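Quick one: the structure is below, and I'll ask about it shortly.
The chains carry the letters A, B, C, D and E, assigned in the order they are written, with residues numbered from 1 in each.
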Amino acid sequence: MGILSLLILIPLAGAALLHFIKNENVAKYFTLAVSLLTFVISLVAYFQFDNKALGFQLQEHYDWISSKSVSISYFLGVDGMSILLVLLTTFLVVIGLIGTWNSITKNVPGLMALLLLLEAGMIGVFCSLDLFLFYIFWELILIPMYFIIGIWGGERRIYAAVKFFIYTLAGSLVMLVAIIWLGVEASKISGVFTTDLIKLTTLSRSLPLDTQNYLFWAFALSFAIKVPLFPLHTWLPDAHVEAPTIGSVILAGVLLKMGTYGMIRFNLGLFPQASIENASILCVLAVIGIIYGALVAIAQTDVKKLIAYSSVTHMGFIVLGIFSMTREGLQGAVIQMVNHGLSTGMLFMMFGMMYDRKHTRAISEYGGVAKITPVYATFFAIAMLSSVGLPGLNGFIGEYLTIMGAFLSPVLHSWWYSIFSATGVILAAVYLLWMYQRFMLGPITNESNRSIKDLSMREIVSVVPLVIFMIWIGIKPMTFLKTSESGAYTLSNSLLGVAPEKTNDFQIVQPQVIIK
Amino acid sequence: MAEAVFYILAAGAIASAILMVTRKSAVPSALSLVLTFCFLAGIYLTLKAQFLAVIQVAVYAGAIMVLVLFVIMLLNLQKEKFAITSNWKTLLGVLCVCLILAQIASVIILTQQKFPGQLSDQATELGTVESVGTMLYQSYAFPFELASLVLIVSAVGAIVLAKKKLT
Amino acid sequence: MSKTDLIAALPLIILATTGFVILIWDAFSKKPSRAPLAITIIGSIAVIAAAVSNMSSTPVAAFGGLFFSNTFTNFFTIIFAASVILSSLLAEKYLFGKEIIVGGYCALTVFAACGMIMLASGANLIVTFLGLETMSISFYVLAGLFRTEESSNESSLKYFLLGAFATGFFLYGIALVYGCTGTMNLSDIRGIMLAGAKPVASYSSLLYLIGILFIIVGLSFKVAAFPFHQWAPDVYEGAPTIVSGFMSTAGKTAAFAAFLVLFNYALIPNPHPQGGAEKIQIVLAVLAALSMLYGNIVAIAQTKIKRMLAYSSIAHAGYLLIGIASLNSNGITGVTIYSAVYLLMQIGAFGIVGMLEKENANALDLDDYAGLAKRRPWLALILAVLMFSLAGIPPFAGFFGKYYLFLAAIDAGMVWLAIVGVISSIIASYFYLRVIVLMYFRDAKHDEAVSEKISAPLVAVAFVTVALLVLGLYPSLLLHSIGYFFQ
Amino acid sequence: MAPLSHYLIVSAILFSIGAAGVLFRRNAIVIFMCIELMLNAVNLTLIAFSQFLGDQQGQILVFFVMTVAAAEAAVGLAIVIAIYRNKETTDIDSLNLLKG
Amino acid sequence: MAELIPYIVLFPLIGFAVNGLFGWKYKTNPIAGVIATLAVTASFVVACIIFAGMLGADAEHRTLHYTVAEWLNVGKVNVGISYLVDQLSIIFILVITGVGALIHLYSMGYMKGDLGYARFFTYLNLFIVMMLQLVMADNYLLTFLGWEGVGLCSYLLIGFWYEEVKNSDAAKKAFIVNRIGDFGFLVAMGIMLVAFGTLNIAGVSAAALGTGSSAAITAITLMLFLGCTGKSAQIPLYIWLPDAMAGPTPVSALIHAATMVTSGIYLVARSNILFALSPATLSVISVVAIATALLAALIGIFQNDIKKVLAYSTVSQLGYMFLGLGVGAFSAGVFHVLTHAFFKACLFLGSGAVIHAMHHEQDMQKMGGLKKYLPITFWTFLLATLAIAGIPPFAGFFSKDEILWRAFSQGSFFLWLLGVLGALCTAFYMFRAVYLTFYGSERFDAHHHPPKEVGAAMYIPLIVLAILSVLGGLVGIPEALGGTEAIHHWLEPVVGEGEHMAIAHITIHGEGMEIALMIVSVAVAAIGILLATRYYKSKTTLAGNERKIGGFYKLAFNKFFIDEIYNTLIVRPIYSFSNGFLYKIVDVKIIDGIVNGAGALSAWFSSVARRIQTGIVQNYAVMIVVGIVVLIGYILVF
């Protein structure tokens, strides 16, 4: 059995074993052990991964459903982009677990089992190289997340859970149709119905452009809902607000990335021509999302909702980067996925810590808390600044590269995408700083807040690794960008190989300048 | 001659069928239906299906309708006030039935040239007790056995549903 | 009547014999006992054994072309026998305490299963008709099994009247097809259709199409497809719960088996010879689409779980009709897989409803399921799996079945039908989720946890759940046993 | 000899009368009788085809249809009796406990 | 030599790390200040060594490169953490570390006993690090890192006493307004990348020279200038700077007077070739600059808060610097940065001393007669005031006059005239401040809390800076006055080419003209001082007098209502639009409404459709029949 299977199976087995554990503490430590083990194995996978090699590595291939005319297989493999996301997943699960150790008191073993199930599903999504397998993991994630929101969530948890489920299901079923359609088209060409990503990558290019477009949009719709792209985002604030902290962390940290990951892997990978044709539409939506999410975030009075809308903005950058199809854009998108996972994950987790103490999400209930909990305020500020996109921290690298990617993109025929998206940096400062001010600064308006305790050692332990990574990516991003480089460059080259010439807003002769 | 007989029988069958569905009370309806069955048996005869004509009378008119009448009497239904529903839904239904009739009839008329013009040569032979019986007990013995299953089911069912007291 | 004929019919013979044994036992036994259930289960296992052994032998049309025995028919025979076993297990608790004849119940289920086998294996329209009637008449009675309850009576009468009405059309259809082809032998009809020349051309393709249409009406009625579905909610609600489970699964499956044999094999064999085939395809597709949409939409507003499941069964008839409408081999595979899977899901769901109904004094409202996860965690878990599977969420088998059906539709060039399927699935997820919401997210009226005792019904539903998971993860199990039917 | 089409049309007419009866009669037993009429109409079609085509299967089926009709009659009447015991009526409009 | 470069950054970085990680342990212990001050001093020493080395080298060998590490290498974005120290940046480095060290020293006294003592020095060291990134970077992206980094520090320091809403508001405002500027910088970098394929400063300049003027260059420079208006407080983004006075006074001195706010000038001077290639942008800069200079000066006249006066004076002086840049006198702009750093830092620190002595009272109406209590402060303050007022031979005279002269020689009489007008105001309001603070009656409770002169840690910096304010101008005495214009020659290799291109169409005036103009401006400054003396020297009450001026007073006192206008025209509409329209209508009602509506619609449809299910058998049969008719009809018709 390969290492990737192991990564999926260990959490699955853990989830199964949790059914026999009734004691809450035992369940927690057991889950921590399992997720740590998974994390270690993912690190091993990361070190086995060869940055320089092309194509998918650590492949595993077993026939699953196969006959004369059908070939569906259990096919795993990673490239640089997916291995980073796998690492992010395993890392965030551990961190999230430590960070929310005492938040949940109700039916702990159940939550732990669902969490591990979720982890297995997420790793599966990022490792699948067979569309059918991918779809199964994709949908598998719905169930645990649905329960996590529905059982451990806030007041409107049922509404949020059902909305999350149906919304996502709607998108993914459309994708299912597309997967089947693609397989059927493939079978017309090669005689075998297949969902093998690598085979389909070559086959899909010979499809008629109409079909490519339909398929492209079916995939795009599904991913756009998951991302979420404006105007399909309204499930997100509800889900985030109602989910328990650990749910929000995983939802923001990893689940949303499944959408953008899908866009890279399937939309760009399978339908290069359709991608180029439709890139501008998706980018327009992404840019609207960037601005819209930020503006709406300004209006929020609920911390979690605000962070949720900030996710809409950040994910917009990722989509913009992806559909710029340039090296800069794709690399930026990949690193931005990691960044968003870290910083928004941390914001949710840290707010969860405050919520555990105070049990309210309304910003107005806080104010001046920095005076009482200086350590908390410091860490929260770092997470906030990372989210604002301050150079030197991780958020900037991603946003910057995606904006530059959009500037340089030969498929987007205008600079306005980048210029409008760059206004996102202004608005991010507006809503986040304002939130921070109302939340943390100023005089202590609520006397009962004086009794709030500062972070405990456990909580500090859970956030410090996140901060380390934020600074690491901010200052030495190439550690991670090198990993995804070959994947992103190959994809960009293959896409832009079929792209038309760029026409700019401003006619510029581009001299070759080499300066030493 | 045979033609005239057919038309008379057909007219009788249709007329008695109409009587059947329009009688307010159940017993006249049932009697009209018996009449229809008899007319139909006559029509079978014009088709030279003697065997079926005989059992049509025996089984339908004789057995089934007697059973029905028996139940009607048992339940004392002859005096019931309700008979016919007439609301727009029913009217719509009846209209649709007429449409179905028109559709089928028009298709039949449209394509009648393609039908065989007369009874097949073996018709007389096919309709006899002997040939039907041979067929039933030789080639169709299997479904014949299966038919017994249907009857068993109905017997068990009748017992289950209508037996006065269960253990 | 040769030896091969008898071997081919062996499952049917065993099953019928089982029925008679039950009747005889019942006639001589004084007090109610579980023996008929045991006999039923033993007999059904024997049937499965016979069918499994028949599966691998050479396909034959026994009794001079009246009765098929091949992979396809034996596969369905196994499904029917399995459903008899499952419903017997579920009946173990359910039937006792009510004034009914257990023997009668067992015999009728067994006879109904005989009818189903005839329906699926009939190589001649006469046998098909007899099978349909054997099954239907058994169902009429079964629906009215609780004869002292008005709802059961009503269910029975409604089913009977409408069923007989639909039978009239079905029979008319047979007559017209017979008139146009001059034969009732399916292989002969197939030959004529494939030749595409003689009788149909010389007679009337229109009349033939109307005949087909009437057959569609008759079978659609049995599978409860829109607009011939209206009996289903009333009947399933009024009938005893386990009977509803049996009728809505095995009965439907049998009708779909007949659909496959009649349409894909005989009436409109592939490749399509006539222009009329496309029309029939569209008719079937439209029925499928309407059934899916109607069933799922109306299910949303239901407050009674049995009724909700009934509407869901209408929708599932729609999904299955996609496979029929596709008229291709993927459709056959899809229908076969999905009817097997659907049978497991639906019978399991009705089974749990029956268990809870029995324990909690007719708790049949959806609201009675509030907080079930606390009271009965295992039952809730099983029901949740069933709901997810019904909703078509992987990795449960319901998903895989749907997958194949959509595959068939797209393969047949009907992407729109797949999309309608998708839309209705989205709608459906709402009410399936609602059951889960109730069980897991809402608080119970009374909260005490009940420890689960192993009982026959529990074994049945647990088996169903495990099977759904296994088949979902490894659908090849089903696919390989199906093989290629009509090649 | 009347042509086949006339037989078929007579059959269709009878069938329609039966079907119409099902739609507007309220007494369950009468509705059942209407259904019997429909079956008989089909029988006529079958026999006519059988004799005009010179093929016996049609008549065989008619035989079975009669058997089935008898079986249905037994079950149907049993159901009616069971209902009558509970509700003392055979008016189907009064049977609307189950709806919605 | 080049290998010394990283140490300039390293020392403050170590100071930041040490104080940041362990600061919470030693709370108010002065150790934090010592560490921070030593770190900056060490870095100043290193800078001096490098400077000495550069002085010793030929002009061609004065450019030093050092690459610390690769930073980003993705596609065309290929930048390192690599430093460029040349004649331009060394000036800034010296100012930053030198003035920075003095202010650190001063802060040790000023912040004594504050609960956030260690935190303060942590931020201050971080600021030095970031500021050094800004001026040392060899590529625009690293500059941008510093650019935003100083913005962050500014934010942290303005809001240092965050318990007060006013302070945290000011901090937030500063950051956000700066972000608007940063947006411009970001876009400029994007266009650069597209147009020239590189972010290397030298590379971009060389490539721009290759292509000549183009729309892209204009776009780049305009966008960069937008960045400068944010950071260097020009119209329309200057509004944050006066509010930024909410921070501790040393911060105002270091960040909001001497260093950070001049980074815009640095950026333009650094990109002089780009700007020179875009005359349009230069004109924009000139106009904006002079408008800013004048507007701020006018507002400064009637402010009563001593720091506000200085703040507006800073804005105004920055306007002068930009005016210099706008007319292509890049080196003159940089020269003014240098002198301004000295005298403005001195002024701020002086005001800090006053405020310190007055127990954090900043309103000049409540001061007066402090001369005798705070002699050192008074004299240093006076010297710096003379410098800013443009009285020869103090530093400010040379630098400001050169800018005005270059504006005039560029052919723009109006720019010159407005500049002189601004100078008049400057002299007036600065002396107004001096008189209100140090002369006149004591408008405070002198008996109970007599003001005390500050300690050595605070007055040493004052004295040093006062000396520099006096002598700083010596490096740039114009040739007309027999000077060497040393600073221009020093900067020639960096900005020379840009200057030549920018002032290609200069009108040549003689030295006589230059001297004549100098005399005019000195006279004007003198008039300003006299007027101030006339009105404020011995007046005990002033508010009444000023109010008599009427409308203009109201306008200027209220800062021309610019904040209010922004608030009404931009901030509130955006908030209302976001909250009232986007969130409550578009998001909740429309988008989510559609989503929920789809659910509600199917539920409604469901409740309607289930009515078909009447429970009556015959209706069901009708349905069947209708279905059949339709199906047969379809078969027959189509």
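In this section, a contact is a pair of C-beta atoms (placed from the backbone, for glycine too) under 8 Å apart; a residue touches a chain by one contact, two chains touch by 3 or more.
Values in this document were obtained by computation on a predicted structure and should not be read as measured data.
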item: Third chains touching both chain E and chain C; value: A, B, D
item: Those chains which touch chain D and also touch chain B; value: C, E
item: Contact-richer chain pair [C-D vs A-E]; value: A-E
item: Most distant chain from chain C by Cα centroid; value: E
item: Maximum centroid distance from chain B, chain identifier (CA atoms); value: E
item: Whole-Å gap separating chain B and chain E, where each centre is the average of the chain's CA atoms; value: 102
item: Chain A and chain D: spacing of chain centres that average the CA atoms, whole Å; value: 65
item: For chain A paired with chain B, centre-to-centre distance based on mean C-alpha positions, whole Å; value: 70
item: Chain B and chain C: spacing of chain centres that average the CA atoms, whole Å; value: 30
item: Sites on chain A at which at least two other chains make contact; value: 166
item: Contacts with two or more other chains, residues of chain E listed in rising order; value: 599, 610, 613, 615, 617-619, 621-622, 625-626, 628, 632, 636
item: Chain D, residues touching no fewer than two other chains; value: 8, 15, 18-19, 22-24, 26, 31-32, 53, 55, 60, 64, 68, 71-72, 75, 78-80, 82, 92-93, 95-100
item: Each pair of chains that touches, named by its two labels; value: A-C, A-E, B-C, B-D, B-E, C-D, C-E, D-E
item: Residues of chain E that touch chain B when the two form their complex; value: 618-619, 621-622, 625-626, 628-629, 632-633, 636
item: Footprint of chain D on chain E - complex, ascending; value: 610, 613-618, 621-622, 625
item: Residue ranges of chain D in contact with chain C within the complex; value: 8, 15, 18-19, 22, 28, 31-32, 35, 38-39, 41-42, 45-46, 49, 53, 55, 57-58, 60-61, 64-65, 68, 71-72, 75-76, 78-80, 82-83, 85-87, 92, 95-100
item: Residues of chain E touching chain C in the complex; value: 599, 602-603, 605-607, 609-610, 612-613, 615, 617, 619-621, 623-624, 626-628, 631-632, 634-636, 638
item: Footprint of chain A on chain C - complex, ascending; value: 388, 391, 393-395, 399, 403, 406-407, 410-411, 415, 418-419, 422, 425-426, 429-430, 433-434, 436-437, 440-442, 474-476, 479-480
